[in-house]
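To keep things simple, chains are lettered A, B, C and D as they appear, and every chain counts its residues starting from 1.
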Amino acid sequence: MSNSFGNIFRITTFGESHGAAVGGVIDGMPAGIEIDEAFVQQELDRRRPGQSALTTARKEGDRVEFLSGIFEERSTGCPIGFIVRNENQHSSDYDNMRDVFRPSHADYTYQTKYGLRDHRGGGRSSARETISRVVGGALAKLALRQLGVQIVAYTEQVGAISVGHDYDLFDFEEIERNPVRCPVAEKAAEMAKKIAAVRSEGNTIGGVIACVVKGCPVGLGEPVFGKLHAALGGAMLSINAAKGFEYGEGFSGIEMTGREQNDVFYNNDGVIATRTNHSGGIQGGISNGQDIYFRVLFKPVATLLMEQQTVDVFGNETVLKARGRHDPCVLPRAVPIVEAMAAMTLLDYYLLSKTNHL
Amino acid sequence: MSNSFGNIFRITTFGESHGAAVGGVIDGMPAGIEIDEAFVQQELDRRRPGQSALTTARKEGDRVEFLSGIFEERSTGCPIGFIVRNENQHSSDYDNMRDVFRPSHADYTYQTKYGLRDHRGGGRSSARETISRVVGGALAKLALRQLGVQIVAYTEQVGAISVGHDYDLFDFEEIERNPVRCPVAEKAAEMAKKIAAVRSEGNTIGGVIACVVKGCPVGLGEPVFGKLHAALGGAMLSINAAKGFEYGEGFSGIEMTGREQNDVFYNNDGVIATRTNHSGGIQGGISNGQDIYFRVLFKPVATLLMEQQTVDVFGNETVLKARGRHDPCVLPRAVPIVEAMAAMTLLDYYLLSKTNHL
Amino acid sequence: MSNSFGNIFRITTFGESHGAAVGGVIDGMPAGIEIDEAFVQQELDRRRPGQSALTTARKEGDRVEFLSGIFEERSTGCPIGFIVRNENQHSSDYDNMRDVFRPSHADYTYQTKYGLRDHRGGGRSSARETISRVVGGALAKLALRQLGVQIVAYTEQVGAISVGHDYDLFDFEEIERNPVRCPVAEKAAEMAKKIAAVRSEGNTIGGVIACVVKGCPVGLGEPVFGKLHAALGGAMLSINAAKGFEYGEGFSGIEMTGREQNDVFYNNDGVIATRTNHSGGIQGGISNGQDIYFRVLFKPVATLLMEQQTVDVFGNETVLKARGRHDPCVLPRAVPIVEAMAAMTLLDYYLLSKTNHL
Amino acid sequence: MSNSFGNIFRITTFGESHGAAVGGVIDGMPAGIEIDEAFVQQELDRRRPGQSALTTARKEGDRVEFLSGIFEERSTGCPIGFIVRNENQHSSDYDNMRDVFRPSHADYTYQTKYGLRDHRGGGRSSARETISRVVGGALAKLALRQLGVQIVAYTEQVGAISVGHDYDLFDFEEIERNPVRCPVAEKAAEMAKKIAAVRSEGNTIGGVIACVVKGCPVGLGEPVFGKLHAALGGAMLSINAAKGFEYGEGFSGIEMTGREQNDVFYNNDGVIATRTNHSGGIQGGISNGQDIYFRVLFKPVATLLMEQQTVDVFGNETVLKARGRHDPCVLPRAVPIVEAMAAMTLLDYYLLSKTNHL
């Protein structure tokens, strides 16, 4: 069951890095939505390796093929199956990892849990798995667009370089103009420089992706275990390399008292609104109509192009040096994945909220 | 479905603050586990209000009554129903909130989502709901104990006062010796002073609870959406007032590179282990046998004993001042709740892992 | 998870025959529904033992106590917890069954599966478990009533005595006028006589309950595994002693060809309808607006008031004679249970169908 | 969610009759099982059209392509994605059905439920969907084989021609020797003649498939809503054209009393067994180690090669005559589908039963 995500709008994914294909099934797509396949491909292209000098040099075409659930360009309410063929895989790059556990990767835990593993390219634990999420997220966005919901994610911090939390100051148009996907051009340049520097050492770096949702209706989120931020948090933490999640004021607000964090209500021309938004658009686990904003922490990529001590499957100590083409920083390519998980979560909870009343 | 938590070991909870009772059903408790009811009650007592000068003065006896699933002091494999009667509720304290939305509470969102709400004591959004979690967690602990799994949570930070992340330095025996549940006595005293200070102003303060799991078997966690940290994160974020989650190095490790964060494997007398544990005991979403550690951020309690601007259900602007007995800081009483959610998650994933093989 | 039923409208039940109470939690009850508690009790009274000379002489008051989810007589959208205390249990009647497996009961299978069991009154496998279903069904009926959906079940056959399938000929008002709950008075008398005859021998008899649903909207049922009849069939087969399920023409139509079974469409004053209803109101797994009708087969009660060969938990062959107060025929009291399961299924699928579109 | 089946071993399917492909994802396949792809293909070949003069003349190669979850011929514990391309589809055969509702098909209900439908070949409601079930069932069989569980289904009855319930008299080797898949050669010949006769009129006929499971361990089935027969019944009723399900004695035992239906226990050389098996191998919803047997009723195929009255989507009355290549009787090809659903259900419940204990 763990390869499925969602309650009503539910994606099930499959696929290893060096297998025949990755793909998935989306069940619960509302019927009658126009499916703009070009938009889906465009979202995939944002995730694709080889986009810029900052990302891995691997070329992956990553063309999505839809197999069902769409008729005359509209969703039919039936499950949407899709595949993306794996191409240009250099499986031999991984020959030396067949019996060796790469540090801070999933090799050891998969091997111990299952008793065997597909070692090529990380197998199921590879970030190629997120291709299916982006496809699902793109379809969810097509539905959410009709509801007026907009989702924007961006790189907020790389290492020590941060644009800060105050997203109202940013021009979101800037995000796609630079390869870091940072909304502040100068900071983007700094970040790019930092990434290039760690890459040159065979090293890697992490950071934070922020996400802002505008136009979310009031009432999404199902107490008590289905609180909207718990669903979003679980979704984000399921992305490869994610190590933390916070919403609203977050960890940096830890010194603020209740008086400073409470969001006072007022009547905004007939609409109940809050004067501040420390709550990040969610109160009691339910969206309150204000912007939803949250942040996701990503660790540095574990694959280093330098020698590391490790052990093999027989327990022998050995030295490993990765070959191949790898990202020095996962952030730029993770931006569309964060958006995709947010989109699927919000559409799912929107559909759930329809069942709150007869 | 949102009042259920877990896949195999699954708790379903019910109950409002000022209704007849809170309670729940635990489905999937393994058969044959000795049920030490005194231990369950003891865990509940750790959550109970009125324990110390730092918590609310409300007296809630909170006696659990088990109704099924236990026969001759052992679990039978059948669902365990239980209730805790609500007593000593002062519903009239809430009369003035019937039509008024308390800032940063769930009043407005519940009212808008459902069209009506039980306003007394926060209704379903009250922290009394967590009583059921503590009962479920206590039962899960009884099972985990047989597996050698130990779970310890404590208050790590209140406002700006922190003991730091290095839990190896702490004496866990200290935790239950002070009312803050902090493992460092001097820091506990500082925290207590801080809490008393905000209380005296009718104000509130938040902080961080850390949790350490020792003895967790390798192999818990179900990729890809059921990664162990995603499950733990979703669980923790479902607790009232939680606003953030991080595991392993967390946000404070953001400046560390891959070389600094990677955990090198070595052969520790025949057992594969890591020399460091920046991963927090989880790699690729699966436990690796090292200590699991994570942190949960809690915001300041939203109920202030001071005047606040707000609006009522008709949209009229008004001023609210809470009456009643409230916590100035949720941390001390949230410690057993964090442990409970961790215990239920780990037992659930342990049982799931049994299905990985024939 | 197996003590929960339903997707959106979901009941979770607990309780053994001779434990403290049976009860449950209903999650997903739509908000704002008027809760007529007297109606719920009335439904329970239809299930209660001791109603007539035909049923067991046990007196069970079976008063339901609601604990949450209802505020000022309306559902709040929060989970509805409830309990029914067990009273008047004669546990000593079962002392001789502690170590003995009653033939065709669940004693042997529970003991082997779980390694222990509560032997008193059948424990969890007792039909007292269906009390919770009737409570859930009554709440579902209150919601369905607003949609114009009516559900009527009745005893169609006892042993060889049958009223036949043609329900249009029956006066449904007759059902509650006789203790067999059969819509044809003369047949009811015959059935009552048959039941009395088998009872006098310490023997038991089975039969068929039919159920008719009128006013069901078109579009309920979720292909492919959630076909409406599959959901109804699974629901009915989960009732104690159920051994078969058929809908529409059923087994007795096995000799009819396609030409004879097909339901031709016509335009009935602007509404598309079928001239016949061999399909039983469901086509392709989805309700088509015609009456839904199905039948459930119940086996004879396994508890006989006569000596039977058996073995004990140690494998010794022995002779058992049940004591106590038992039903000679489960049908009359199972009628409200069939209705309850139908009501919960239909409400659940109605709510699911709301998510088919944005 | 309705395109998924199972709890732990869970299949999710997709695909329309005339779309690009049908396929699915199997999540929860235990790790380390040898995957004999030739066996899977062989199972698919049993379901394939065009096998004999009795089935449709459509030629469908139905070659399965596995895309993930298998490494060096063993299951890895990761999801197994697969597709079967649609070929040789004559979509133009369906042009005249675009706006017309075929009687007793899913056209009208899909159109009304979703607001649109893929009309070609029945779209999602086509029996081609069962291809994915057969693939899933074949994988489940590979796992069950290791547990010593054998599943055999066969055609028991076509129209009025039946071999009776007493499966001990049959030679199961005969089943695959005749095109009807009936274990009694003379009866098979009669059935074949009957099918040929209805086909020559453009008519169709239904019947019953029986299924016998040998070697099932004691303890499968999860009370109360997850009773094994309820799971099997729901599974079988989800197959296209299924209209009834019974297990053990079934409807034909309706006149038997409790004394006649009870299965007396005895000690069979140290193993507790029953002298008779009216219970069909399931007691209290849990397998008891005896043979499981059940029967599934299938209605006549709804597609007739003769003129039928109907209406179109605009409500106009019209006359329809199907073109194309259709089965006159679904039974022979449904035999492997019944086995597949049984296999997936049993493996799922076997895995669930592993979680009953620590």
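Just so it is clear, a contact is a pair of C-beta atoms (placed from the backbone, for glycine too) under 8 Å apart; a residue touches a chain by one contact, two chains touch by 3 or more.
Quick caveat, the model's predicted, so the values are computed rather than measured.
A count of contacting C-beta pairs for A-C and for B-C identifies B-C as the more extensively joined pair. Taking the CA centroid of chain A as reference, the farthest chain centroid is that of C.
With centres defined as mean CA coordinates, chain B is found 26 Å away from chain A. Computed centre separation for the pair chain A/chain C is 46 angstrom, with centres defined by C-alpha atoms.
With centres taken as mean Cα positions, chain C sits 39 Å from chain B. Among the residues of chain B, those touching two or more other chains are numbered 1-4, 7-8, 13, 28, 31-32, 77-78, 113-115, 124, 223, 352, 356-357. Of all residues in chain B, only 1-4, 7-8, 10, 12-16, 19-25, 27-28, 31-32, 65-69, 71-72, 74, 76-81, 83, 113-118, 123-124 touch chain C in the complex they form. By the touch criterion given at the top, residues 8, 28, 30-33, 77-78, 143, 146-147, 223, 350-352, 354-358 of chain A touch chain C in their complex. Those residues of chain A that touch chain B in the shared complex are 1-5, 7, 13, 101, 103-110, 112-115, 124-125, 129, 157, 159-160, 198, 203-208, 218-219, 221-227, 229-231, 233-235, 237-238, 243-251, 253-267, 270, 272, 274, 278-280, 283-288, 297, 299-304, 306, 308-311, 315-317, 352-353, 356-357.
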